[in-house]
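In what follows, a single structure is set out as structure tokens and then discussed.
Just so it is clear, A, B, C, D and E label the chains in written order, and each chain counts residues from 1 on its own.
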Amino acid sequence: MTVNALAKEDFDPASVVTHDPVVRVEAISKHYGSVEALRSIDLQFERGKLTTLLGPSGCGKTTLLKIIAGLVPATSGQIVVNGRAVTGPGPERAFVFQDFALMPWATVLRNVGFGLELKGMAAAERNRIARRYIEEVGLQGFEDKYPHELSGGMRQRVGIARAFAVNADVLLLDEPFSAVDEQNRRKFQEDLLRLVEMERKTFIFVTHSIEEAVYVSDRIVLLSPRPGRVSNIIDPRIDRTANPDDIRRDPGYLDVVEEIWQGLRHYAE
Amino acid sequence: MTVNALAKEDFDPASVVTHDPVVRVEAISKHYGSVEALRSIDLQFERGKLTTLLGPSGCGKTTLLKIIAGLVPATSGQIVVNGRAVTGPGPERAFVFQDFALMPWATVLRNVGFGLELKGMAAAERNRIARRYIEEVGLQGFEDKYPHELSGGMRQRVGIARAFAVNADVLLLDEPFSAVDEQNRRKFQEDLLRLVEMERKTFIFVTHSIEEAVYVSDRIVLLSPRPGRVSNIIDPRIDRTANPDDIRRDPGYLDVVEEIWQGLRHYAE
Amino acid sequence: MSVMSQDVKVVAPAATTREALRLFAERRRSFWVVLSLAVLFTTWEIAGRIPISFAFPTFLDTLAAFFEMVGDGTMIRAFFLTLQPLVLGVAVSALLGITLGIVMGLSDRVEWLLAPVFIVLQAAPMAALVPLVTFVYGIGLVAKTLAVIMLALPVIVLNSYKAVRHVNPSLVDMCRSFQGTRRQQIFKIIIPDASPVLFAGLRLGVAAGFIGVMLAELLITPTGIGDLITYHRSVANYAHMYAAVAAIIAASTVTLALLQWFETNVMRPEKRRS
Amino acid sequence: PMRVAFGDIATVETLGLLIAMERAKEQGVEIETTFLKSEDIAAQAVVSGQADIGIGGPYALLQKVKAPIRIFLQLSELQMYPVVNTEFYDEWADLDGQEIAVHSRGSGTEAIMQMMADKHGIKYSSVAYVPGAEVRTGALLQGNVKATIVDSSGKRVLEAEAPDKFAFLPLDGVEATDEAMFANTDYLAQNPEDVAKLVEAVVTTWREIAADPTVVAKLREQYNLLPDATPEMLAEIEPYYSGMKDALPMNGGGEEAARSDFAFYTASGALEGNPEELKVEDFWDLTALNGVLGKIGTQ
Amino acid sequence: MTLFGYRIPMMASLIVWALIWEIVGQLDVIFLIPPMSAIIAAGFDLVQTNSWQNATLVTIRSFVIGMALAIGIGVPLGVMMGRVKIIDNIFGLWVNIFVSAPLSALVPVLMILFGMGEATIVVTVFLFAVWIIVLDARAGVMQVPASLVDMARSYGASQATIMRKIILVSALPEILAGIRIGVIRGVKGVVIGQILVAVIGYGELFELYSRSFDMERFWALTMVLFAAAMVLSAIVENAEKRIEYYAGAR
């Protein structure tokens, strides 16, 4: 377990070698009117890995994720996914929203199948697929419930199932667990690790929780406060074969948490 | 550092010996209409100690705290504070609300002095006292600000100062830090420990966070899901003299967290 | 890592102009206000000149009639007469309505007894009842004030009642936990916390009061602005009649806008979410 | 069709005219009636071309309006009774400095009260406008109005309900149009036959009623007018028309009526100018009436 | 309220008021208030008269046409205002003025523009109802969670699809709430129009009964109208509740 933490000043993004960059973020800057949200971000994301964006509130994590998703246009720079430049949302990327973004008037089944419905897939086919993913996230039996009948944790699983159902290569998750209570959150983190393991997809994940980031990530990108820039990249290299509880008390794990905590502490009020 | 964890089945609340029970919860049950929220709770709380109520969402933590505060009547059983049975709110108990419960139209000074104002204390006297506690929670200079001009963390400090200002023996805190972001939360926990140290008061604290509970508590009461019953009582006995960062990586600390996590995990969905 | 796109997007000048226009259109509300007023008045003027009816004056005639009436004092006197029942009625409704509303909010029994009555009164077409007032209270100020009250009171009562019912319960709990008395609870917590909504109810009451006073002046006896409208109609001074109608609508709009301004800038309901 | 706008709702008082219209219909005139809230709305309907014929007393309007409107038939003469509550007043002089109520600004009722004030050298403190003689009657009975002017049915109600409570003040030498029919000159020029048939129907009906007021009730049944009238309303018919007998012009008014109107309305202030200099043809179109009178003779 | 442990529904207090009314009426305190029983009897008489049936027909027709226009124009306009800033800028001022303006003063002008008959009543109903419908539809659209729209976009939905499948459905509770208030205002509009303008429909009946001091029928008619307003709003409210049920805790 080695920590690849580079001091801020001599950090050079170009030097970070990646093997199979599915997503390339190239010199992305973003201004909202006079607010500079992001300043020339360069990043690469590999297949089968989970990368976390971590940084103080307002540093542009959501903005970057939405630019990758094609939901927000960048002011300059470009996003390349699977070798093609992004101009808008595409079927190879799926977004999981912090507030779940479930349609309150639709059943779990319809919510999960919504991405397919928009593609024009026939009802029978899309329900079949939706059912499969509902099962995969452990919600079988809840197909005909409405979102308000579910707990926060269950709602987010619907959101994740919906993202999986369209079979995208890249999953973009914006603080997916922040509305879920602490105790369920741990379970989720383990579920997420299992999903990363099972599906060979690229996960880009945003969180506020240092522990969560260290626990689930293959790589952590630290962003500086506004305007957001990459301030550090850390590879926790945690041995996933160990028992989750052992991981959480492993000194290596705790060192990384501590290091990030020290790095971010001066941003707190 | 010893952990006093009793197995659920042979746990007998009467056997827990306490030295100076300021608050005694005796056979408290509570029904909301047909919903049974609490079932025969027996507990004792000692002076100068911080006891945490921990349990899954909806298990009745808030309800129990409000019964102790005299804000909600119990269906059966009684609360005894300093030897006298509780029939309603009293001057020896003060409540800190999860949503702060600050009066938006009043300045910090008036909010902090509000408990004294209601007692009919003269303005000069109560402002003097309020100022002292404002200083104690580190808000000097903000006396004339309004709640909406403060951050979440600062608002909660106003709530705490208000509770201290009436000089109650017992402080009841319902998830006081849940609306505060992760990074400020740690600071708060340390502040709270300092306050427990300084004032010889009885703290009853509710939280969802296992780490927080273990970090700040002298004793942790685990409640089972609805109807809430006492399922376990744990005394973390952590050495508070150590450096906070060291505490958080102390194996004893981690063991307690782990144990509670195992106890609660099957309640998570 | 290949840094291959340092290129800043080159935007065509045409697009920038269009963008600038769009931004202008979106930002400058006042521009649209002026433009839509201009369009309205021009259409009015043209329609009046065709004319679409002998009874339809042009905008300029109406404007002239307005200044004439302001100049010779009739307009001011008319407003003076119209505002009397309005101010009286709104004041009575405010006092009575806020009190009733608060009592309804505080007491389940009073709520049970009164809420349905006011719900019915608010939903019902009270205009039908206005002429009845004459039978009991004659034709003077009292009758008109009563008409204003009939329209304004239910709105104010129901809003005050809602305001009290929606007082932040944890503030009430807070007051109780410090052993506040019921009196302290009402005067130190409930009323201050409800005051933005109480005020909003008052504003709606004023709007309803304007409707009430116009109904009274058109249905009971013509006085004030209502008299200007009926009299000038009966002698075919349609421009004057239009001017009177426009004046009362403008007056109510300005009054309500001022109240709204007061509400958002002084009561600051948005800042109350602590 | 001929679109007629009434300045009032259909009640017992309009029965006579409704009967006359039924008769005109029998003569092949297509008539559409609308009942409007007040006279000035009826006048406005004619001005703006939404009705062909209006009913009311629109002298002030005739002088001001840009559209060419003419009266072609007088329907009734003012038959009004100034009345006071005897608890407070007994004669005209008592009304000096007091409040009175009349029908509306510029109306005949106001004119009468104003003329009597001039005649008795008094001045009212204020004049309230209370449209509807019934409303003023009601207000008198309720005690909300102490001095006003009512019509003949109001007089009867007052005499029946509270015989000693009210006094009717003397009124002499007032002759003026209460209600008349008026129309756009274009309409009159283009539809002379229809208008003539209507005028003839009204004048003959009026003569019939004047001869025997009970005929109204019979004709109501015959033509099935006011089908939902309550018994109280029906009981009103006979006394009302008996009382109206003298107020119904037998010859449709005409030049003579116009002249006395000029005198009356200039005095009241509704018309401007010297009554001698006002021209009848600026206010009246006598073509139809003269034609009809030529046919059926005058009485 | 609960009495002896039973919950008494709130609207039940209206029965108490009706009883008080009956007593006051029986005591013959004032001719304005005849006994409730006499009013109800008059009501049964009333609905059998031709004039009531005709007036009802006319009234319903004006109301339905006016409301249909108000909904048909108000909802799309509100939705557009919620979606397009420029349209919002253009119409925002007017909608806000007219939603609380004393429209009763405008009725005399409407007569000039729309004639003496039903058209004016229809326009009155429309003007009374439309603004609140626009405002509520706009509010509904504005508070569609941005993340739902983003979600649909991220799955490649077209603008039309987003409008149909997300925005309209999501704004439906507010749209219905606007329609409910619009219906109540529309009933007020039809009455005010009929009383102020042309004396047709219920306006004529009100005028007739109040002039002939026929208080029983007057109140019977009033209660029919009040009941109609309440029933209409209850129907829309019911629809609203069902939507809210699906919309759940938004």
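Rule of thumb we're sticking to: a contact is a pair of C-beta atoms (placed from the backbone, for glycine too) under 8 Å apart; a residue touches a chain by one contact, two chains touch by 3 or more.
Predicted model only: the values in this text are computed from it and were never measured.
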Labels of chains that are neighbours to chain B and to chain E: A, C
Top-ranked pair of chains - ranking by C-beta pairs in contact: C-E
Identity of the chain that, by mean CA position, is farthest from chain B: D
Angle of rotation relating chain A to chain B [CA atoms, steps of 5 degrees]: 175
Between chain B and chain C, centroid-to-centroid distance (C-alpha), Å: 48
Whole-Å separation of chain centres (CA-atom averages), chain B against chain D: 85
Distance from the mean Cα position of chain E to that of chain D, given in whole angstrom: 39
Multi-partner residues of chain E (at least 2 other chains): 112, 195-196, 207
Numbers and ranges of chain C residues touching at least 2 other chains: 53, 55-56, 135-136, 233
Chain A: positions in contact with at least two other chains: none
Residue numbers on chain C that touch chain E, as the complex places them: 22, 25-26, 28-29, 31-33, 35-36, 52-53, 55-56, 108-109, 111-117, 120, 123-129, 131-132, 135-136, 204, 207, 210-211, 213-215, 218-219, 225, 229, 233, 238, 241-242, 245, 248-249, 252-253, 256
Contacting residues of chain E [partner chain D, same complex]: 49-52, 111-112, 115-117, 195-200, 203-204, 207-208, 211-214
Residues of chain D touching chain C in the complex: 38-41, 43-44, 47-49, 60-61, 64-67, 101, 104-106, 128-131, 135, 138-139, 142, 144-145
Residue ranges of chain D in contact with chain E within the complex: 5, 8-11, 34-37, 41, 44-45, 48, 50-51, 132, 134-135, 138, 227-228, 230, 232-233
Complex contact set, residues of chain B against chain C: 66, 69-71, 88-91, 93-95, 97-105, 114-115, 117-119, 146-148, 155, 166
